[in-house]
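Some structures are shown below for you to check.
Here chain A shows up in two complexes: once beside chain B, once beside chain C.
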Partner chain A sequence: MLSVDKVSKRFGGLAALEDVSLSVGAGEIYGLIGPNGAGKTTLFNCMTGLYSVSEGAIRLRGVAVQNAKPHRIVGLGFARTFQNIRLFANMTALENVMVGRHIQTRTGVLGAVLRGPASRTEERETRERAHDLMAFVGLAGKGRALAGHLAYGDQRRLEIARALATEPKLLALDEPVAGMNPSERREMSELFQKLRNSGITLLLIEHDVKLVMGLCDRVAVLDYGRKIAEGAPEAVQKDPAVIEAYLGGEA
Partner chain B sequence: MPAALRWLRHNPRIAFGLLAVLLVALPFLVGAGLGRSWVRVLDFALLYAMLALGLNIVVGYAGLLDLGYIAFYALGAYLYAWLGSPHFGLHLPFWLALPLGAMLAGLFGVLLGAPTLRLRGDYLAIVTLGFGEIIRIFLNNLDAPVNITNGPQGINLIDPIHIGGLSLGQTAHVFGIQLSSPHLYYYLFLVLTLATILVAMRLQDSRIGRAWAAIREDEVAAAAMGINTRNIKLLAFAMGAMFGGLAGGLFAAFQGFISPESFNLMESIMILCMIVLGGMGNIPGVILGAVLLTVLPEALRYIGDWQRAMIGHVAVDPNDLRMLLFGLAMVVMMLYRPAGLIPSRQRKREFTAEDSVAEQEQASLYDAKA
Partner chain C sequence: MDIFIQQLINGLVLGSIYALVALGYTMVYGILELINFAHGEVTMIGAMVALAVIGALLGAHPELPGMMVLLAGVLVAVPACMALGFVIERVAYRPLRKAPRLAPLITAIGVSIVLQNAAMLIWGRGYVSFPAILPRGRHDLLGATVSDLQIAIVALSILTMFGLVFLVNHTRLGRAMRATAQSREVAELMGVNVNTVISATFIIGSALAAIAGVMVSAYYGLAHYYMGFLLGLKAFSAAVLGGIGNITGAVLGGLLLGVIEALGAGYIGDLTGGFLGSNYQDVFAFMVLILVLVFRPSGLLGERVASRA
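Up next is the complex of A and B:
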């Protein structure tokens, strides 16, 4: 599905990522963990086209996408959410999800102005699909609310619905349960299972070890821009390098 | 009165009917009540409404601050003049010249948009301001070595619009009613303004309009949702510029004379003020802003006459007063109605949302203490 091959990203003299390689298989839930500042979000940004990579290659379903424009990557079926929620705050929740349908729809200026049968059908389908996705993530009936006025947990859900509207094969979630209470986390975890069951591969950045261990098929651990471990959650948990990264050197 | 308004709200057909009758009768009412010269003012109000609606696409919908918008108006006007005046000896019909002017302006919209794609906010404003001035200075100086624009003298004797056998430049008799040239242009401008409103409304509420709004709200998130931000921004520039070019062609035909002087920075700022005053992003607001800012300066001219009548000479030049009141109005607006006279749903929220949240938090704080 996704393969990252020896990717490095440098900001001036600072190496945020160094020779990171990993591969995510279709249907997996793949976790990316690591201490703060390890480069997880940087890797996400490189993968989704927001950052150019300094070196290395990223392949999405066989297509080289390093340094491709974000909208092209979305077009290849790779959508994401943001750690610091980036909704279109002054648009309604439903409009946010409808924006996500942009790449799946065609209506141009002429279609928008003339409103022929094709563009009217498309608009209706866009609306219906957006309603369905809102219901899928548990936001049924909240479509008219402003995105910025939704409760925090609902904003996270809305971001997922908006990303799903692009019909991704691979969905990258950047700390989707950050700041949530245990029962909300459980609900989100169920949502992720539901997503996987609907055939979407998940890539997850998360700090909640319990959630990662319970949910992910495989995890990779980043520390100071390097991958220090990868494998099944139980194995990674026991890896001395990982323990050291999280707890500091042996005392 | 409010009861009557409420009744109209529940009977939109009757309300629209009354509005239509009012719009058709308006030039006669204005002409009879205020004098013939006010029909011309009415024409300009419609022209500016078209311009403001065009700029509103760029600034209000897509959030790209454009201070050189008047350049597109100028391009539309000059192309119309080149294609229909003795200057080059060409006399193309309006239905060819106007769309060509709009297309030329749209093309320049893209040309201006392309290098500014990475710029935002203030930086974009500066570059577009420069672009507007460059166009004006070119128009001023392109009379040598080859005389293209006729320099500061401008182009004269531009063909009026002919529809069928009817020249809008002369008084005509339609069904026994005598219609002067400003009356005829009023109806043409009215139809085109209504068309512009329709296009602007439909664009706003469409896939394209949502993409513009998304870019305005958060460009990075918009790109991450699959929007080709480059193309969608260029489209906003092009669409806005096309309306500007169309209005420019109409202006040239209506005036019969254009010169670079009509397209200075002050005009760009005026149009931007119309949008800000009326309510950015909101079509009724933008139209109200355009009408107010066209009509009020004309009304201020009476102050000169009053002064002459009261004290025998003009002590304060109405023109100076105009700018003074303008500045004052803007300051008052920013203080009391920052989102405009008729704010759009979204802008209103942007300007009030945080305050109301803070207030609520403050209120609940005291609840807890009690």
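Up next is the complex of A and C:
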């Protein structure tokens, strides 16, 4: 599904990523963990086209996407959410999801102005699909609220619905349960299972090691821009290098 | 009282033209945070192209009905300006997307100068007059006079503005525009081709400018290669008055500015004991601009700049 091959990213003299390789298989829930500043979000940004990579290759379903435009990568079936929620706060929740449908729809300026039957059908379908996705993530009936006015947990769900609207094969979630209480975390964990069961591959950046360990099929651990471990959660958990990275070498 | 109502009507007519031009400024600013100072010149080109087509048609077929000739002029001027807006963005702004903010401002002024001089070379230095093809009916309204032309200008403006509001609020492109205005980066990561959206914004704004250009030349009965400068500045003032980046604000600012200007021109003679005449009308737009910048820089409906970041 996704393969990252010897990717490095440098900002000036600072190496944020060094020679990172990993591959995510179709249908997996793949976790990416590591201490603060390990380069997880940088790697995300390289994958989604926000940053160009300094070296290496990223392939999405066989297509080389390093340095491709973000909307092209979305078109190939890779959507994401953000660590610090980045909704279109002044638009309604439903409209946020409808923006996600943009890439799946066609109507241009002329069609929109002339309101041909094709564009009207498309607009109706966009709206219906957006409603379905809102219900899927547990936000049924909240479509009319401004995105910025939703409760924190709902904003996280809305980001997922908006990403799903692009019809991704691979969904990358950047700390999706940050700031949530245990019961909210459990609900989100159930949502992730539901997503996997609907055939979407998940890539998860998470601080919450417990959640990652319970949910992921495989995890990779980043520290100082390098991958220090990869494998099944139980094995990674016992890896001395991982324990050292998390506990500062005192363990 | 008669003069008050008369000037109010004149102001609303002028204001609806300002509003159409102001919309172009405000849409581009909303998405790029860029003042497209060449926008006034696009208005001028719209007027000039329409007049050239009208003149040519009347020369070849003087028997054609006036409204048909006018329509032909508009139907050529609007796409011509849309193409012009597209080219301006591609040539003068897109290469500077990541440059410091002053750079595209300079190229905007450069484009203005190029367009003015191109128009001067093509259509000459003199005034081009609007042929007498317009309906000349007049009606009484509360002791004031309203012409058919004034009614047509206001009606067409309202129609155009409703069209724009519908486009922005209820279509795929409009949603993409609003999303891009809030965060270009996130919109792109959600699959919106931001470059297409920016091009579309320039194209739509330029279409409005073309319509406004034809209206203004019809209203004053003439066009001139330099007309875009003052019109552009006033429309920009209107956009700032309403709160730049805000579409409702641009309409409100345009109408308000037109009314302030007309009332100011109507009463300035009385107020100054005849010392200043109605030829000082242009002063009011800029007084308004200065007052807004001093007392309410975000405009009537504008958001605080910090909340956009």
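Methods note: the second predicted complex is superposed on the first by the 249 of 251 C-alpha atoms of A that agree within 3 Å, B and C clash if a C-alpha of one lies under 4 Å from a C-alpha of the other, contacts with A are read in each partner's own complex, and residues count from 1 in each chain.
Everything below uses one rule, namely that a residue touches a chain if its C-beta (ideal position, glycine included) is under 8 Å from a C-beta of that chain, and two chains touch if they have at least 3 such contacts.
As the structure is a computational prediction, the values presented were derived from the model and not from experiment.
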item: Room on chain A for both chain B and chain C (clash or fit); value: clash
item: Contacts of A:L146 with chain B and chain C, given as first, second, both or neither; value: first
item: Footprint overlap on chain A, comparing chain B with chain C; value: 48-50, 69-71, 74-75, 79-80, 82, 86, 88-91, 95, 98-103, 105, 107-109, 112-113, 119, 122-123, 126, 162-163, 165-166
item: Touching residues on chain C, where the partner in the complex is chain A; value: 163, 167, 170-176, 178-179, 182-183, 185-194, 200, 203-204
item: Residues on chain A engaged by chain B in the complex (per definition of touch); value: 48-50, 69-71, 74-75, 79-80, 82, 86-91, 95, 98-103, 105, 107-109, 111-113, 115, 119, 122-123, 126, 146, 148-149, 162-163, 165-166
item: Contacting residues of chain A [partner chain C, same complex]; value: 48-50, 69-71, 74-75, 79-80, 82, 86, 88-91, 95, 98-103, 105, 107-109, 112-113, 119, 122-123, 126, 162-163, 165-166
item: Complex interface listing, chain B residues touching chain A; value: 198-199, 202-203, 206-211, 213-214, 217-218, 220-229, 235, 239, 346, 349-350, 353
